[in-house]
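So, here come the structures, one by one.
Heads up, the next two complexes both have chain A, just with different partners, chain B and then chain C.
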Partner chain A sequence: MKADVLSGIDQSGKYRRAALREKIGSVAEFVIIPTLALVAALIMFGIFVALFGKNPLDLYYYMYQGAFGTWFSWQNTLTRAAPLILTALCTALPAQLGMVIIGGEGALLIGALAATSAALALPGAPPLTVQIAMACAGMMAGGLWIALAGALRQYRGVNETISSLLLVYIALALLNHLVEGPMRDPTSLNKPSTREIGAANMIGTIPGTDVHWGFAFGVVAAVLSYILIYHTVFGFAARVAGGNVRAAKVVGLSVGRLVLIICLLAGAAAGLAGMVEIVAVQGRTNANLAAGYGFTGILVAFLARHNPLAIIPVAILLGGIGASGGLLQRRLGLPDASVLVLQGMIFVTVLASDALYGRLPFLARKAA
Partner chain B sequence: MTLATALPLRAAFAKETTIGFIYVGSRDDYGYNQAHAQGAAALKKLPDIKVIEEEKVPETDAVEKTIESMINLDGAALLFPTSFGYYNPHVIKMANKFPKLRFEHCGGLWTEKDPKNAGSYFGYIDEAQHVSGIIAGHMTKSGKLGFVAAKPIPQVLRNINAFTMGAKLANPKATLQVIFTGDWSMPVKEAEATNSLIDQGVDVITCHVDGPKTVVENAARRGAMVCGYHVNQAMLAPKAYLTGAEWNWEVLYPRFAKMFTSGETISNFYRGGLKEGLVKVSPYGAMVSETARKQADDVKAKLTDGSYVIFKGPLVDNKGKTVIASGVNRGQTDPELEKMDYLVDGVIGATS
Partner chain C sequence: MADASIGLWTVPLAVLGGAIRVSTPFLFVSLGECITERSGRINLGLEGTLIMGAMGGYGVSYLTGSPWLGVLAAGLAGAALGALHASICGLPRVNDIAVGIALMLFGTGLAFFLGKPLIEPTAPRLPSIDFGWWSDIPQVRAALRINVLFLIGVALAPVLVWALRTTRSGLIVRTAGESADAARAMGYSVNAIRMRATMFGGFLAGIGGSFLSLFYPGSWNEGLSSGQGITAVALVIFARWDPMLCLWASLLFGGAAALGPALQSVGISQGYHLFNAAPYVLTLLIMIITCSPKRTLVGAPAELSITK
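For the complex of A and B:
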């Protein structure tokens, strides 16, 4: 009897260890496979560049130097990564529900417009009040924008990928209309813009760096999203609905509510990115805002396999590629499009590497 | 080679001045960016000057980082961030951060409250547009001209108006239909606008967008004649290209570089037109008639010696309102022209 109990404990310990081994194995897979894909893309890019008569070793050296080689390069990389973390969440969060939202750019623009309006509506208020109002307005507006795509899918059966993409063009048209019409600063002659929110309302950089606070906001949002998705009942429900909608309905989950809330949160992240662009970079709204952060965010989300924590390093990686792109142009005389080629290669290899999961012999799950 | 060995290397060549160019689009766009890249290419021929270039840099903090990267990693001392939208807040911020370096921005936005090491230059390209318009007015058979424009902002309106007024000197009955595409680089809309203008009987087309390639090639394919913009596009449409209004940065940039290296002060607000050599008119195409050449050359000569004013009263807009009263001459430096918000009589279209 006693021996049985003991052996039972021993058994459960064994299972626990096996489960742990499996977990470590799968985490290792999630690190090793994308890294291999990245290395493969870099080698392919090296060959591509060599075909144009440039030395691939120079290429790798300049890429490293431009992205991570100096303290300045690091700051350059992190600054470029900041908006990408937030816009990537706009795609990654709905992905938990099996939705493909690619309209982060629209939520960013609408968030920026709302944040600017909030600041302009509060002249003379203390900066902190203005900034909080801007953040709330930006997140609300961005959230409602994506929730619109979610609602259209949930209640009218409209494909959310198409509707969120089309909403980008509506957002851009709305922004251009307001900036060139009702909200235009009459002194912005050749560059139609809204009035400025004022230097006092701008947020500075993270102390000791050149990197604005948007990066910190992004990291916090990514961590909170991770906790929400993987460590709360709500997140579990979302993943269940994402895995099998009918099963979720059978167990009594309110899928419509999940869709709307997740879309609201996703849009709020992109709206916050828009607010940060105003309050940390541009100081006013104009066409400069449509810089494509929302679209690059889609790439980041897919490369991170929609894992909110993985978004942080992937955004830094793409920020680094952007930062080193300039050096490649200047030192090697490569056109800007070469950076797009590299991004494309990474995208393809990472997606293709999906086929490797569970098939690498040295990562084989013994317990399975 | 590592950074540590690269730095002393740079110090050893300290006599060399590094000049950085930043473009918002691609430098071979047959348009705005190519015009600047041609200016940069002219600098590369000078001794002791090293030119570094970066293209497709958006008007966000990316341009600040590019500027800093050019300074920190390449040792740039003089920078040309060439796109209009770079200036506020990005160039201002960088000029404050690096007070010993020089920033030359294209667009003419500098004001007294801005940093003294940031300059702004621009060319009165409406003079070249006016001459181009004269050629167009002579060559049109239908009397209908077309203009594909990006946004109804003062700079663009000034070009449209100067072109139309030139055309009406040649053919008082000529009209010009304008279509605004809404943004600087919209190739699909630009092609649609070109087609729709030609469908309406327009036979000479010009434009003010960042890259005129689409408009020029499409118009030529449809059998219309073309007047170019930004750079010479004759090679894109040899049989249709009448003339065009071009920037002449090949002349200005070496001038700036010489002033900079010799320690001469460059005016913070540097402007000029045909007279100062900042803009030029493309060589006329073979099909341009003798009378057209004669009148265009005549006006060009007067603009070059400074005895000709394009915007003078009485000037009526296309809604019948007098915008410049009789007897008033608005010379090129007149600040009123910077606020232009009307289309002159003869233009079909509206600013909003």
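For the complex of A and C:
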């Protein structure tokens, strides 16, 4: 009897160790497999560039130099990573519910428009007031924009992937209309723009760097999202609903409410990215804003496997690839679209690598 | 003079002519996607395929001097992208919607990369057939100047309906779309069927892209396609996976897309950008009206991930 109990304790210890091994194994998988995919994409891109008579080793060298080689390029990289973290959250948060939202670019544009409008509506207010109003307006507008896609999915059964992408084109048309019409600054001749929000209202850089505060916003948003998803009851409910909608309904979760709140938060993150671009970089709204951060954000989310914390390093990596584009253009004479090609290759290899999970021989787990 | 005689008729005529011109890419992409989806797989990457087709078609037409070789090359490039999509989706645990998004970005990036040197030169364009010879009014003649690709697309729709309904390969495609298990039980490889269906879809989408660069608007630049591909994918849902309905839906969308330019041609440029958004708003509205959370859509292939 006693021996049984003891062996039971011993057993539980064994299981705990096995569970720990399993956990380490799966974390290692989530690191190793995307890294392999990334390396594969870099090799493919090297071959691709070699086809155009460029030396792949030069390519890798300049990419490293342009992204992480100097303090200057690090700052450039982090500045680009800021909107990527926020737009990646726009895809990663709904993914917890099993939804594929790819409309971060639209929410970014709408957020930027709303933030600019808020600033222009408050002339003469203290900068902090203006900035808070801009953040609220941008997040609210972006949030509602994506919540629309969520509501259509929940209450009308409209596919959210398609509707969120259609909303990108609608947002772009709206932006072009307002910037060239009602909100146009008459003095902006070559590039129609809204009026400037004013130098006083711009947010500065993180002390000691040229990196604007938007990067800090992004990191905070990612950490908060991580806590929300993995350490709150709400996040647990969302993951349950994402795993099995029927089970969630059986235990009495309000799936509709989850969908709306998650989409609101997701859109708010992308809207904040738009606000940051206005208040830290552009100073006014114009067509420059549609720089594709929303689309790269989708890739960041998938590469990070929709884990909000993993989004931070992945966004820095992708920001670095974007930052190196200029150097590749100047030194190797590659077109600016080469960054897009590499991003596309990474996306393809990352998705194809999904097939590897649980199949890597050196990570094979022993059956319990 | 003629302008004055037809007065306000200019706008509907321009919309009609525009509908015929603008609808052609919608038509090709949606017919191709219709077949792909009937085999049980969705390819959202057709936006990238369309742009690749536009670039490839323009490039080959420029290099060889033959626009029809350009059309063929565009189709082949599209089929290659389709094969890439299908081969990745054939791997275990890979989600076809995500692969579509990836190929949308990849196709667009590749087309911009390869197409850089093609922005300047002018390639030979596709000829048009003048159906408006009976009329003296220039607007009527302009509206009825029709490209052969449009006629091919119109003819293709009933052919595809017939092929899906009565031919052996049509039956195999439908079986794979309705029940992968049934297709396997009959001894067919579901992946091979879907590979062919996706390549066919990519081929047609590539041709649709070549229409953009070789006929209307008829040049290559990076802003050539803005969402026609993804709109066409949505249109297939609206058309209930029926090629004939794809034809009517494409004409409707072409008309909506032609509204902005038509109004601009008579001097109404207020809200030009808003009118340009008309096809997207229309798509969204139609999806809101026709979709339902309660039941699966009539005619939806049972294996399709997007309606499950």
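Some notes on this structure:
Here is the rule we use: the second predicted complex is superposed on the first by the 357 of 368 C-alpha atoms of A that agree within 3 Å, B and C clash if a C-alpha of one lies under 4 Å from a C-alpha of the other, contacts with A are read in each partner's own complex, and residues count from 1 in each chain.
The rule is simple: contacts are C-beta pairs under 8 Å (C-beta built on N, C-alpha and C of every residue); 3 or more make two chains touch, one makes a residue touch a chain.
Note that the structure is predicted; figures quoted are calculated from it, not measured.
Applying the stated contact rule after C-alpha superposition, one finds that A:27 touches neither chain B nor chain C. In the superposition on chain A, A:181 makes contact with both chain B and chain C.
Residue contacts after overlaying the shared chain place A:102 against chain C, while chain B stays out of touching range. Of the two partner chains placed by superposition, only chain B is touched by A:322; chain C is not. Look at A:155: by the touch rule set out above, it reaches chain C but stays clear of chain B. In the superposed model, A:277 makes contact with chain B only, not with chain C.
Of the two partner chains placed around the shared chain by superposition, chain B and chain C are both touched by A:335.
Shared-chain residue A:288: touches chain B; no touch with chain C.
Legend: residue contacts after superposition of the two complexes on their common chain; A:357 is shown touching chain C, with no touch to chain B. Overlap of the chain B and chain C interfaces on chain A: residues 176, 180-181, 335, 337.
The residues of chain A lying in touch with chain B in their complex are 61, 65-66, 69-70, 72-73, 76, 79-80, 176, 180-181, 189-192, 210, 212, 277, 281-283, 286-289, 291-292, 322-323, 326-327, 329-330, 335-337. Partner chain A is touched in their complex by these residues of chain B: 1, 3, 26, 52-62, 65-66, 68-70, 72-74, 84-85, 88-89, 107, 151, 153-155, 182-183, 338-339, 352. Residue ranges of chain C in contact with chain A, taken from their complex: 44, 84, 88, 91-95, 97-99, 101-103, 105-110, 112-113, 116, 226-227, 230-231, 233-234, 237, 270-274, 276-277, 280-281, 283-284, 287-288, 291-294, 306-307.
Chain A contributes residues 100, 102, 152, 154-159, 161-163, 165-170, 172-174, 176-177, 180-181, 295, 298-299, 302, 335, 337-345, 347-348, 350-352, 354-355, 357 to its touches with chain C in the complex.
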